[in-house]
Amino acid sequence: MTHETIVLHGHIIDSLLLPKVLDHILQYGGSFEIAHIRIGKTREEPSDARIIVHAESPERLAEIIAAVQAHGASVEKEADCQWQEAPADGVFPDDFYVTTHLPTEVRVHGKWVPVKEIEMDLGIWLDRNDPAPHTVPMAEVRKGDQIAVGREGIRVTPLERPAHLDVFGFMGAQVSSERPHGHLITGIARRMQALRRSEARILLAGGPAIIHGGGREPLAWLIESGYIHVLFCGNALAAHDMEAHLYGTSLGLHLEGGSLAHHGHEHHLRTINRIRAIGSIEEAVRQGVITTGIMAACVRRGVKIVMAGTIRDDGPLPGVITDSVQAQAAMRATLPGVELALLVASTLHAVATGNLLPASVPTVCVDVNPAVPTKLADRGSLQAIGLVMDAASFLRELARHLGWKE
Amino acid sequence: MTHETIVLHGHIIDSLLLPKVLDHILQYGGSFEIAHIRIGKTREEPSDARIIVHAESPERLAEIIAAVQAHGASVEKEADCQWQEAPADGVFPDDFYVTTHLPTEVRVHGKWVPVKEIEMDLGIWLDRNDPAPHTVPMAEVRKGDQIAVGREGIRVTPLERPAHLDVFGFMGAQVSSERPHGHLITGIARRMQALRRSEARILLAGGPAIIHGGGREPLAWLIESGYIHVLFCGNALAAHDMEAHLYGTSLGLHLEGGSLAHHGHEHHLRTINRIRAIGSIEEAVRQGVITTGIMAACVRRGVKIVMAGTIRDDGPLPGVITDSVQAQAAMRATLPGVELALLVASTLHAVATGNLLPASVPTVCVDVNPAVPTKLADRGSLQAIGLVMDAASFLRELARHLGWKE
Amino acid sequence: MTHETIVLHGHIIDSLLLPKVLDHILQYGGSFEIAHIRIGKTREEPSDARIIVHAESPERLAEIIAAVQAHGASVEKEADCQWQEAPADGVFPDDFYVTTHLPTEVRVHGKWVPVKEIEMDLGIWLDRNDPAPHTVPMAEVRKGDQIAVGREGIRVTPLERPAHLDVFGFMGAQVSSERPHGHLITGIARRMQALRRSEARILLAGGPAIIHGGGREPLAWLIESGYIHVLFCGNALAAHDMEAHLYGTSLGLHLEGGSLAHHGHEHHLRTINRIRAIGSIEEAVRQGVITTGIMAACVRRGVKIVMAGTIRDDGPLPGVITDSVQAQAAMRATLPGVELALLVASTLHAVATGNLLPASVPTVCVDVNPAVPTKLADRGSLQAIGLVMDAASFLRELARHLGWKE
Amino acid sequence: MTHETIVLHGHIIDSLLLPKVLDHILQYGGSFEIAHIRIGKTREEPSDARIIVHAESPERLAEIIAAVQAHGASVEKEADCQWQEAPADGVFPDDFYVTTHLPTEVRVHGKWVPVKEIEMDLGIWLDRNDPAPHTVPMAEVRKGDQIAVGREGIRVTPLERPAHLDVFGFMGAQVSSERPHGHLITGIARRMQALRRSEARILLAGGPAIIHGGGREPLAWLIESGYIHVLFCGNALAAHDMEAHLYGTSLGLHLEGGSLAHHGHEHHLRTINRIRAIGSIEEAVRQGVITTGIMAACVRRGVKIVMAGTIRDDGPLPGVITDSVQAQAAMRATLPGVELALLVASTLHAVATGNLLPASVPTVCVDVNPAVPTKLADRGSLQAIGLVMDAASFLRELARHLGWKE
């Protein structure tokens, strides 16, 4: 038997940190003694606990410590963070520390320093020219870079429940199609109004079902009205949006009136071909070829668009970043300042965006398939809302709440 | 090798009858020769075909004939329908003819007579006091009743494509969340306006997700406005509808404002208990205890409600028919005159209602789970629409199209 | 501002009771002070807390108290439970106490007495002839029965994490199709072996997809081998099981060999008609008409079957309890002694059974639609497993683990 | 009113061509007269029809002709195909002909010549150095290339029902979780045995749920046994496969034994980092670092792997083609010779592969989410099977049928 003492600090009850830590110790086969606990007597006052973790082997103990550290426990004996050089371009040292999406500090020369650009599943890099460490993706590390290794001298802060309780911030909200959507959409709309006033940025990541289902007009209106500042999408959303302008169809189905247009893929492909001939979406909008819809609204309002390519794409449109590593980097570059993320009808974009966002950014995930919002709601953010509904209905209700008239 | 000659008559190309029949012959291991075919030169003119079916054994041939007859082929040698007495109450003769949901005729004394109250999976009963045969459920047959047996002297008519092409009547419409809902809902609304003018009846069968998701107001409006004439539901829809009136909640979640109310099931149960104390929903509306919502609208407008019980029910409310055979009979009794069925967010009610309706009644099936509308769209009606969206969004859009103001 | 002091006792950290209570206080708009807390230093030692809850109005305070009491908090000032007479048959007094599915005690003459037959959403009845109170469904209460009202003198015990950690008992297990099923099925199999040895009972509630998909043989084997002691199902599972014996088909599709049989519903209906003619399933097995499959195995092994009717049913088969209130009562009567519930491919039976079971019974919910296991996993039991897979694959793997050879 | 005469030839009844053509004419608002029809008297004998299509405007008529031509009708007045030069690299002429996935011929100097490398949604290119035209993706066309335009002189051949009827080749098979899987998997296994004997190639495109759910061993066995010749996947499947070898986990959950391993993403990321340090998957297998699982089996058996990158990827692994256009090209290059495609638990790969395959290649699509197989089953192939079940259960049953012993 071996043991180690861990300490918890902050809103350890409210954040569920304490029960999670005890649960993990048991699940990994350890046992615990609570050596000391002091619980804040009001909501504002933080709490403290010191817990002795027992395990049958040092390996098992290390596993437990790794697990609970990811949630915000830290090992009592404090030491500086250890660094090792990356052995090659694009390769971390063997024992590199893997980041979570929680606020993280590392101990450098006895002082705790926050890590910049927090994102999960990256390494921590200490640039010689910058006293503050920051995260670095595996593909971007360069041979010789100083990378954090091991677990000592690194700690994360569990999220606190937000002081202001609105529709965000409820604990363990079940994702279900049998829940009232009305007040959730009202709450999201209020948050968007507040963010627009405060000049914070709102991100929407969306799939082509937005267009097929009838969400094009309300989304274009939201963009024109200054409620969306960053758009993540793929080739299909952009192509069907412009197909709707040029042909009045989406996937070859007339959006109004209900009759079939001739072979659907032709419209879609001819749209892409035409924009390729013009050279860019921006130029197509400038020339007046595309004057309505989501892309036109984005160009007019200066919304930052990141279009990422996939193997499903026809064409693709000019502006689509076909390289996935470059597309990730472009998405990452737009995130600072984003304080709300709407992930609508795209599993790929929802999960990819969820991976890039720090846990502190509230997210709304909307999909008719409950598996997607369930997955996203489970990412450990206290501020995640999952809605099981179709994209168009969501966008129409949201836009109506914010003043859209059909 | 043995063979039999079958004849097809009517819109056998347009109704897909001819290719379906050929397909079945091959799938059951037979082969065919087309002895004669004459195809109508315009849409109005009917076609004829005579096909010789070959099979390796009389059993196999009988199987093929049974399969193609269910779609509308008939055996050339015509004979009167055969009848046998039911051997006991609730039991058909062994070889009883099983109905389809297509228009059906039986040959009695050399004359083809239409079968009344067509519904699938029943028997055909020739009452001595009534020259016209009609369908009878297994549970309602009485010892000694004359029941059709075998396959001779019975023929069904394949459905023709409706002359007027609106959103109903498209062939093989794929059910998908990636289709434009807007024009489908517009088309459904137009059909409802036409039916209201013509005094035909519209049926809605729905589940409690209508209430949870925010569809209570638009559905109550549709009822008040004379667009719904029959309501099939369970205990839960009625209970949550009245809970919303009494407590402002559904499943204990406040429908407005977003905060949790205390333990949800209490509201639901207290609502049921209160109505039980009053004696009936009708009386609760009359006394002014329930003044808003779906149940109040139904009582005021004289809408026929059939509430069927299930083992999930709390209470249940007075008026719930807890016996499933009686509930089926009550549903069946309301169907004459129904010319449109909206099946919303209830697998149980959607499938049960689908089983009771003749193929000629247009149906709309709405569910976030694509399995439900896919199953219903497949029931062989040419006039089925499947929408993958949540109940509340559907009802809100539909009601807006018909003039609802929030 | 008004306040009340609540006390928590037991494994309040481990059971998540403390954080849940604090969370509810905040969600209902209250605030709290922790007056005292003592946390057990080992897993075995219980903990205590005393919390002062503040709210702006007595109504709000009552709401908070109701909410936290349902999880296991109790109000400090202890008083005897209050009783009122039921005003009519089938009607509770207005303010009746609604049960949870947790162990519950009521204070009678200063002594805490456990409530028998715990089930959620019922009332508590004190029979004059029985010192121990027990739960009573709304439909079964009789005028004049003493029913618990209000909230004083009633307390529930939060569930503790089971001492023995196997696949049951993990906290907040996410339901997902992207999780390893293998070890979960292994764990379920081990639990079933242990229960068989200890003569505890195992319940399976299942839908007809078990037959259609190929789960008939492994389930029949599980029954024959003594692993299933209670079966909840509907008319369809039983009918398709016996159709498979009589015709080799399920819904008219040949289970072996892959060719279509002729019109599927005929087989299904002829099976039901034949059993109706014989009089009962038991008699059909006894006469050797049905010798293989699930029903035959149940009859031979004396497994208690409860078949509940629905409005989807054809026939129905003799033995189907068509009245839903009677069917619930029959289900309830079989539950004492059940220590594991397998809920397979039937939303209706899964939810209905979940409503009847106390929280202490481990449950496994299997469905291809993730909405069903998600809903069940959320019912507050610490011992719930959700598997997103088809019924037949689950039963085949489970039976193989227990020794089935195909 | 204007009109045009179209001709149909071949198995126009059996292939559903005739009813589809008539249906399209009506749906686009046209009308028709059947000028001549001769239907083959046996299955082998082809049929002919000449149909006069009427429409109210030349534009509407052109739309109808375009729609019916895509299914295999051709315009009676035959002319050579028209060609135009591509105006720029990556841009087709405005009126370029968009391919379908059906066999296609173009008329060059009065002679019908088949188009090579048939794939839908591409252009047709007549290389000056090659008498046979072939398809070309938009991104690969070069300025000045001769590209087919308009619709004259181009015809497609509708698929015939395969002569040999096995589980492939049934018409309009409904995708449902309520269908017997057993015989479908048996039929797929038989087809795979036949293809292995004939040295045709089998493609599997799969997602990471294969690993999480327990499908790694049977899939590795299928590869080792020579049943899979091409593998399409993403970074995640490969990473989790090798994580399973190095750590015994998938997404951090132990595949055996059921306990959690420490923070899952670490294993996954450390696996990717390690392979990046080694340089390639092939080298990792060669060095004996990876000796079990799917990747090891592929390297040992010389299976062609195409790994395509997405924005969800960590790392990615060496060998992942991060550029989506290059990845499509790599996938396309492996398709010649593929005679069966298994699309398992990956919407992205299933749809992308479906887009690349000619209609004549039988496909099997397996997913727990019915939306995916429904979408694929609808792509117009007569030989598509959709199975609603989890990936691991499918692969285990399939491998068992082919001789795998656990």
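By written order: A, B, C and D. Residues from 1 in each chain.
Just so we're on the same page, a residue touches a chain if its C-beta (ideal position, glycine included) is under 8 Å from a C-beta of that chain, and two chains touch if they have at least 3 such contacts.
Note that this is a predicted model, so its numbers are computed, not measured.
On a Cα centroid basis, the chain most remote from chain D in this structure is C. Two chain pairs, A-D and B-D, are compared here, and A-D has more C-beta pairs in contact (counted per touch definition above).
Between the CA-based centres of chain A and chain B the separation comes to 44 Å, rounded to the whole angstrom. Remark: chain A and chain D have CA centroids separated by 32 Å (rounded to whole angstrom). Centroids built from CA atoms put chain D at 37 Å from chain B. Residue positions of chain D touching 2 or more other chains, listed in rising order: 27, 170, 177, 260, 369-371, 388. Against chain D, in their complex, chain A makes its touches with residues 24, 27-29, 63-64, 66-67, 70, 87-88, 90-92, 94, 96, 98, 100, 120-121, 138-139, 259-263, 265-266, 269-270, 272-274, 276-277, 308-316, 322-328, 331, 347-349, 351-352, 355, 369, 371. Residue ranges on chain A touching chain B, taken from their complex, read 166-167, 170, 177-184, 186-187, 208-209, 212-214, 250-251, 253-258, 260, 368-370, 388-390, 392-394, 396-397. Those residues of chain A that touch chain C in the complex are listed here as 13-14, 16, 18-20, 22-23, 26-27, 31-35, 37, 39-43, 161, 165, 170-172, 174-177, 370-371, 374-375, 378, 388.
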